[in-house]
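First the structure, in the form of structure tokens, and then the observations on it.
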């Protein structure tokens, strides 16, 4: 396990009752890289994230982060190690103001010290949030909620930021802005990022490594530039032998 | 499918058989004080059954051993142990069918609730197969036990409720009572009021419980008869009332100098402190039912000296227990030595109970029900309540005398009998102390 | 409503288990002949509490209506019995009839405010309704205020008749819930419980279904109240509308196994036998009862039947629609 | 006319006490959506603790109150940590029965030690009237109740709204998974919330102990008041609870003024029901648990 590998997933199996959702999923996440996970609806993307973040307990398999085994640990413990997730549907705290959402984002003791500095950075990254700072999150638009979710995830000063389908239901121009901000964060702060997406082309363009999930198992994986877009699309739609 | 059907069958039949298993009275029927198992014979007992053949007399007592009314049971265990020891050891038991056999008591907790009270009484009769059933303290205990008496034709003795409320479910064929008469109770309180010079304006502060309801009709009747009194009635209040502001303001505006209240202890404490807050303390303040226990009354703020109420027993009654031969004063003093606090009035009832039980069983000489009932009905005995006989309502009427809390010698507060007109044997109408009145 | 497919599978199902169940019912019905007075007395309690528990189960277990206020209906049944027999000298049958009418009217009236609430608000709302009814009866001269009423006519009822009445109530309550769940309404009930929003979308008249269940359960609890008080024979507002009725219903259903038909059966038996056994520990009984409730929940949150169902997949009254395998 | 003013004023003062009784429940109710039936018994438990420590430490009620708060926090940790946290995810009914069980256990243990006697906490302010005119009488004790209750509620409101600890609690109430994603251990947050609730309930226990006095089993009586106050105010809204308390107090006393003393409590409950149906989520209710 060389030290530049931030997180690895080995043969992860997850099932809900007697329905198995993930089959022997293995992935690597090198430090500083942008890794994308591509898969259609129901391919098991969110199940994978929930298993990694400890929201539901995996059946078998191992997740190690910076050499430490975090399989099935409590979500808050995993987050305290430096993993952060901007969840699908950007579940912001509706009854709190934007400012309060961000403050809660910096709940961890390590993040609390740098709260001021990170707050400036995040406001610079997503200027729209600064104007809405004292408004309750429930009044934000779709795009703004997504920005708030990512900003909130950044507030905990993570080592690994996972973005779960941040483009879902957003206008293309808004998605463009968000992706550029993410690229900036990756370059500026060397933050390892995982993009979970349904959109094949953009995933390949923006990421260093990509994995394709079909019906709960990894059918393709490797450096993004080596993967052929057509093959990924076929796999994605489960046309040829992978189905 | 087969396996499930068999499992289903097992479940149903086990369920049916376990119900039938109650037949053998398998569960040990209560832990009778004074030892002895109550398993007993298995003769069907529902109505007119044969007496189970066992070597002792079993008395079942359905009483409030938990919940708000359990305060009445404070002296009971002490009295039961003392009396059973005296009867079984000193007197060698009671002669039944020519042989002296011991007396045993088995308790069942009615949790101060009629639902549990009925279950407790039914269990004592059908499971423990007691020879005599006792049901005590407020209609919750007395009326449910009397209902079981009629249903199972078993001799039942009940006490601790107003005679009028008990008889509301009567007349009973198989239940005999030892209850105070509410008319006499109020009559003595009114007697106190006549001996204090006031403007004769009486304010009623009565809640909606049995005492408040019976009390309102009784007191208005008596005051009309006597004349010279004017009743101010702001209306019945609910026991869950948080505040007496409205009532007190009304009484103050009507310049009332006598208050006749009937409420539980927390309301009495709240009412008394609100009277002080409104600095409206009339010359006579009678609070019935809430001031029975010295420990509770001692916690009233301001000081409760001068408050009057109707005490249902007092150690100063010049009588003694026929069974123990000891005076009421002596028994109460002994209890106070053992427990280090002011004696509770229910002590008198528990001692009188055993005087009566011993006398009835000795005279009956058998456990056959009709003979026992006959013995109950012909009771004429001297006990800590004085001479006790059964009236036409099958009730042994015991006194309820006007009493006042005064400075105590042994305890901070002490009871003094100030009005005993309805009970000729006590002639000590002690002087009435006026509370620190603001009028 | 009589969907061919449902009925056919129902008949097959009934065919196998009915013999067993009917045998048990006969054994219980004959109990007065061979059982002791104590057994009959306990039987009255078991089947009355079974009826209460099964109805609360219909509300909380199947319709998602967690009520803490159904002691109001027990009180209404009790007072109907008291007023009809004592004030008007009517008979028991008359009391049952009138109690049904009052129950339907009262549950209709309170359903307007109560059904506006959902979740925990509904639970608290029902309790506040019950407390209001209690306060009303405690301040009503006609029923002798808080002093209570003695149902003298009920003193001399033979216990066997009460037992058979209770048995009938218990059996009908189980059958009622079983057939409601086997019916079309049962389907919408389950849909409503699992996902109210989705159910609403698919045209399930949420309000109507909930209302029907509420009316059925409330009326049945009222009748059980009448029978219970033919046994208790002394009604006071405090205990008749007391929260301890709700405690016993929750205990029976949750310990037995909520959302199962067998749950309340087991729960009622355990509750009554436990209360009888605890008479041997006067003054301590409630501590033990409370502790057992807490321990069982920790060990088997889904209740006893829930645990059994989980482990062995055993269902006496299964309401699953099985494919014709 | 005087009685109307007196009833209104007494109603507001009484409302302060009702708010103190309800505020602890609003926290637990709002955060965990837990219908805490044991709230009343826990409140009375704190009254008994205060009484014990007053006797044990020579009559200083402030010292006794401080020790009681520490003890009630310990009770909170035990109750939430070992019992309720295990059951809360299993649905409403099991949590309901567990809290019923806890309520029964507490009042019966109290009854085991203290019997059915009536107790009262002494109040140095008894008998002093702040205002004592023909028109209106305001006893110092009642004003003290309103004052303390206001202070506690404002303090709690500040803690919940402005501090990180309070925001973490609100986050856990809003969305459990999202809160966990912030690194907030929601189980431990529930324990903190329960401890905070029991600490504030001790204030209720003190005021109830001084004003009304208490038995071991008076808990259930105060539970219905707490639920009423919380439901009017709006689940989880601390200020709403204060408002709810005042409304209930005034409704009861004005009900007594207009319709006679017998129906004071009944009018209070009917007001609750009317308000509940007009605004099902309560007057200031916003924080409903997802």
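Order of writing sets the labels: A, B, C and D. Residues in every chain begin at 1.
Rule of thumb we're sticking to: contacts are C-beta pairs under 8 Å (C-beta built on N, C-alpha and C of every residue); 3 or more make two chains touch, one makes a residue touch a chain.
Keep in mind it's a predicted model, so treat the numbers as computed, not measured.
Enquirer: Let me check something: if the centre of a chain is the mean of its CA atoms, which chain is farthest from subunit C?
Expert: Ranked by distance of C-alpha centres from subunit C, the top chain is A.
Enquirer: Cα centroid separation between subunit B and subunit D, in whole Å?
Expert: Centre separation, subunit B to subunit D: 36 Å.
Enquirer: Using the average of all C-alpha atoms in each chain as its centre, how far is it in Å between subunit A and subunit B?
Expert: 73
Enquirer: Between subunit C and subunit D, what is the gap in Å from one C-alpha centre to the other?
Expert: 32
Enquirer: Using mean CA coordinates as chain centres, what's the gap between subunit A and subunit D in Å?
Expert: Measuring from centre to centre gives 43 Å for this pair.
Enquirer: Counting only residues that touch at least two other chains, what does the list for subunit C look like?
Expert: Each of 135, 139, 283, 286 in subunit C touches at least two other chains.
Enquirer: Two-or-more-chain contact residues of subunit D, please, as numbers and ranges.
Expert: Correct list: 108, 262-263, 265-266.
Enquirer: Tell me, which pairs of chains are in touch?
Expert: Pairs flagged as touching, ordered by label: A-D, B-C, B-D, C-D.
Enquirer: Where on subunit D is subunit C touching in the complex?
Expert: 29, 33, 35, 83, 86-87, 90-94, 96-98, 100-105, 108-109, 112, 220, 224, 227-228, 231, 235, 262-263, 265-266, 269-270, 272-274, 276-277, 280-281
Enquirer: Going by the contact rule set out above, which residues of subunit B touch subunit D in the complex?
Expert: Contacts found on subunit B: 66-71, 74, 208, 234-238, 240-247, 249-250, 265-266, 269-270, 273, 276-279, 293, 295-296, 299-302.
Enquirer: Can you tell me which positions in subunit C touch subunit B when the two form their complex?
Expert: 16-17, 20-21, 23-24, 27-28, 31, 34-43, 45-46, 135, 138-139, 144-150, 152, 154-157, 159, 228, 231-236, 239, 242, 244, 262, 265, 269, 273, 275-277, 279-280, 282-283, 285-286, 312, 314-316
Enquirer: Under the stated contact criterion, what part of subunit C meets subunit D in this complex?
Expert: Against subunit D, subunit C makes touches at 60-61, 66, 68, 112-113, 116-121, 123-125, 127-129, 131-132, 135-136, 139, 243, 247, 250-251, 253-255, 258, 283-284, 286-287, 289-291, 293-294, 297-298, 301-302.
Enquirer: Using the touch rule from the top, collect the residues of subunit B that touch subunit C in their complex.
Expert: Subunit B residues touching subunit C: 1, 4-5, 7-9, 11-13, 15-25, 27-31, 42, 44-46, 65-66, 70, 107-109, 111, 113-120, 122-123, 125-127, 139-140, 143-144, 147, 150-152, 165, 168-169, 207-210, 212-214, 236, 238-240.
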